[in-house]
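Both complexes shown next keep subunit A, but they swap its partner, so subunit B is in the first and subunit C is in the second.
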Partner chain A sequence: MSKLHKMPIVVGLIGLLACALILEYSVDAGWVMQLVVPRPSDTILAFPEVQADMDLFGNFFVTLAMTAAATLLALIIGVPFGYFLYRNTRYGVAYEGWLAAAFAAPTVLLYPLFLVIFGRSHATLIAMGFIPGAIPIIIQTRQGLLGVSKTLLNVGRSFNVSERDMFWKIQLPSAVPTIFTGIRIGVMYTLVNIVAIEYLIDFGGLGRIVSEMYFRFDTPGTYASIIAVVFVSVFFYWGFGRVEKWLRPV
Partner chain B sequence: MAQAGVTEAKPAVPSMDGSVRRIRLFTALGLVFAWEIIATLGTVGVLYNDVVPHIWNIVVAIYEELISAGFYRDLGITFAEHVVGFIVGSIIAIFVGIWMGTSPLVRGALEPYLNAIGSTPKIIFLPILFLMFGTGIESKMAKGSLSAFFPVVFTTTLGMVLINPVLIRVGKTFNLNKWQMITKVYMPAMVNPVITGLRLGMAITVIGVLVAELKFADGGLGYRLGIYYEQFRIAPMYAIILIIFALAAAANVGMTRLQDRVNRHMAPTTTKGKKAAATASGGLGVVGTN
Partner chain C sequence: MADILEIKKVSKTYNADSDNPVVALDGVDLNVAEGEFVSIIGPSGCGKSTLFNVIGGLIDDHHGEVLIEGRPVDGAHKDVGVVFQEESTFPWRTTLDNVAFPLEIEGVGKEERDALARKFIKLVGLDGFENHFPAQLSGGMKQRTAVARTLAYEPRIMLLDEPFGALDEQTRMLLGDKMLEIWSALNQTMLLITHNITEAVQLSDRVVVMSYRPGTIKEIINIELPRPRSSEVISTPEFGTYVGKLWTLLREEASRGMEEAEAEIAAT
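And now, the complex of A and B:
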């Protein structure tokens, strides 16, 4: 037991396995309706079927492409706008409250508007991914540039560094870790919004598969596609967390 | 010199405030102007025909919503789903958070799974909730609970982990049992992070419930929004969105004020209380998702 205390991840895995076994037995015994919760073994076996039927990997790349496009757009607009707010203090102060409010607002509910404008298309997905992605990038870019050490700026000035070099060689490298935090949050929100909209409008990649599996009453397939979305979120979360740690070594 | 500095600095603040106010005013006016131009172009059939209604039409639609009985029925449904979902999800989350906070083993075992699900769009679990609870208000309440659970569990755990160890040692020297430790030491020390989590949870629950209503429902503000979209009634659609935004903002402001009040009345009890509040948007680093 004391050894297990030192290995919480093993305890977690054992717990997960035990829950899966209990669920398997409960479904077999008829305590849990198979139509509501499938056997874990059936869910695992449903993965190849979903892949063959719905092209899980192909749709993963559709969602990935939408997320990448929305994030790229958010970066192209968010970083320069964040820099503008940093350079123009009054605008920064004037808009920071608005940006925070917009970030907290339920922007996902705007999707009917984009459906009306762009139709049921990839443009709607990208637009809906762009909004929650751009706001944290703008906020964190400004915060990162505001947080650049005065000592570094003074060193730059003492070397008579030009305004352009000051930005590219001192300010931007110092602000990169903070900006990246904004990018990480932005990418996660972009992904979440895109999958949510895919699910709501039955269009696009992984979200559409979940919706379609549910409409077919393919319960193991529904669970398998949901688990696939969880894996993709974990992959993004873990991957960006690693990059952030690498950028912020201390 | 210092005196001069003070006298020079004083007028700078109102000047800054004044220019900030001017920027906000001109930006708002600019947005209204741009909106009206697009709306006019739409009216004459040049751009996005009828997609962008005139502001006056939206104001009228808001008024019509506010005087219609159906609106209050839907508001009541959404409110009930939100309140039940939020309370159930938060209570479970607080207990799980305390459990995780007091036991490093439980924390280490559960954290990877909670992080994994916490960063996933919760709407994706809607099919499971529909299978379990049907497409009535019960599934929306369950969705609300799921949405509320994660921010609250992360901030509660973080609050527990960051409790000043001196307080815990004092409790132990008085031979407090586990229950006394929770009620006399942990809970008072965790009020601030828990309220931060509740504030976030409340905001995310609103979104979670409304999005669930948009998918399948026969009542609620999300359902109403979906119906207007299907009927291409654009002005009422904007009206509902604006009303939802206003209600969400009001709830957020209310929780923020409650938190500020608690902050004023509570002595700092965590070793890194500020950090707990600052990281609350992500709990243990996880992005809160709807």
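And now, the complex of A and C:
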């Protein structure tokens, strides 16, 4: 890794450490209520306790797996559906507004419906994660394909490129940055929904640990499990960044 | 030499069914001999790019005929390669992969297509930059990549749609020299659209002057400057005479184009 690429990581970590130190001092000085925000050092010390008590690590992977499954489903359905809306202008124009409205709606409130359909199970979590994840992927796939430069399409036409090659070798790579913006937005909403449902129905994953710690008034434990959720988010953000870099090096 | 390209009575009207049809081309006739370098100049909106799109098979709803070696053009054609005015390299591909693109489409094996792509990269003077992405190249280098990519397609006729229009004057002249080197090395038939009279005279055997809308051929000037040529030719008195003659022809059309464009803006 070059010096230039290492720099933001180092600067980011220094910033994080500085914030933690300021917070530590603020709690010690009594400027921040310890009941609401624990010392960062207490939060760090809570990790082994939460692990011993509630298998934080194992539940981290449960939430990770649920988010991955819902995102995969969102990709499998979202990208082809976005392509369909791109190819069929009439449907694209007709449904774009509806999709945007559906994305803005708090779909998490649909959880009782899915509880009735799938029961208190992983299927409910995946379904609830899938809905907010698929919508931005559909919207951004269509937008990304609509935004492909006319000149690049003409380059393809001038080389007598088949429709299949036009899609795989020109349109898709060209639309990758926009599609990945949709994927990143989608995965964050998927994670939020999954953790929220885990919290609400007290079933599996990190959301359930947050709920448990919260109801025990174990503030450091609550923050430790929230940080674990942040790590799931970081994992997906980093992972999709790598995939995007692989598909579109620059 | 025999004519490789025949353009017969080509007309194209945009928005033909509307209240405001725009006649971009009206009865354009032009023959181009094999190995000839022909430039097309004219004011903005005179239909130069439309003419190229018709020749390249990118527009099919036109009147008249385009024949390559006597065969009518129907859609994009293996014998015609286009270098576009706008940035057209694929940003996600290296120079080598960009140039190898048409060969990849034709199903040429990786080893062979890379070897061929390297040959054309060397021809345009980009050897050493094979693994660079377009974002790492200058504007002139990107356009040379696009030229190499079209050359790799091995078309009989190459259409250059103002490929150096966005570049500074010095770079444009040096790239003009490079195009002349390529043209003489490959004996490639080339048609160039340009707004730059100097560039047209520097490079061409003939310069076609087009009128403002409707786009017709106003006059064709034979450039009888000795070959091989380079940008040094611009200091000769003959060069100045050609530039002056072309500007006289173009000035009237350019003025009319400007007046009509201003009138259109005022009307909206």
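In the analysis below, the second predicted complex is superposed on the first by the 178 of 250 C-alpha atoms of A that agree within 3 Å, B and C clash if a C-alpha of one lies under 4 Å from a C-alpha of the other, contacts with A are read in each partner's own complex, and residues count from 1 in each chain.
Heads up, the rule we're going with is that contacts are C-beta pairs under 8 Å (C-beta built on N, C-alpha and C of every residue); 3 or more make two chains touch, one makes a residue touch a chain.
Bear in mind that the values here come from a model prediction, so they are computed numbers and not experimental data.
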item	value
Touched partner set for A:Phe203, first subunit B, second subunit C, both or neither	neither
Touching partner for A:Val93 - first (subunit B), second (subunit C), both, neither	first
First, second, both or neither for A:Asn160, with subunit B first and subunit C second	second
Partner chain in contact with A:Phe130 - subunit B first, subunit C second, else both or neither	neither
Contacts of A:Pro173 with subunit B and subunit C, given as first, second, both or neither	second
Which partner, subunit B or subunit C, touches more subunit A residues	B
Which of subunit B and subunit C A:Phe81 touches, first, second, both or neither	neither
Partner chain in contact with A:Phe114 - subunit B first, subunit C second, else both or neither	neither
Touched partner set for A:Thr151, first subunit B, second subunit C, both or neither	second
Residues on subunit A lying within both footprints (that of subunit B and that of subunit C)	none
List of subunit C residues in touch with subunit A within their complex	56-58, 75-78, 80-82, 84, 86-88, 90-92, 101-102, 104-105, 133-136, 150, 153
Touching residues on subunit A, where the partner in the complex is subunit B	4-5, 8-9, 11-12, 15-16, 35-37, 90-91, 93-95, 98, 101, 104-106, 108-110, 112-113, 115-117, 185, 188-189, 191-193, 195-196, 199-200, 207, 210-211, 213-214, 219, 222-223, 226, 229-230, 233-234, 236-237, 241
Subunit A contact footprint on subunit B (complex, rising order)	16, 19-21, 23-24, 27, 48, 51, 104-110, 112-113, 115-117, 119-121, 123-128, 130-132, 203, 206-207, 210-211, 214-215, 222, 225-226, 228-229, 232, 234, 237-238, 241, 244-245, 248-249, 252, 282, 285-287, 289-290
Interface residues, subunit A side, partner subunit C - complex	149, 151-152, 154-155, 157-162, 165, 169-170, 173-174, 176, 247-250
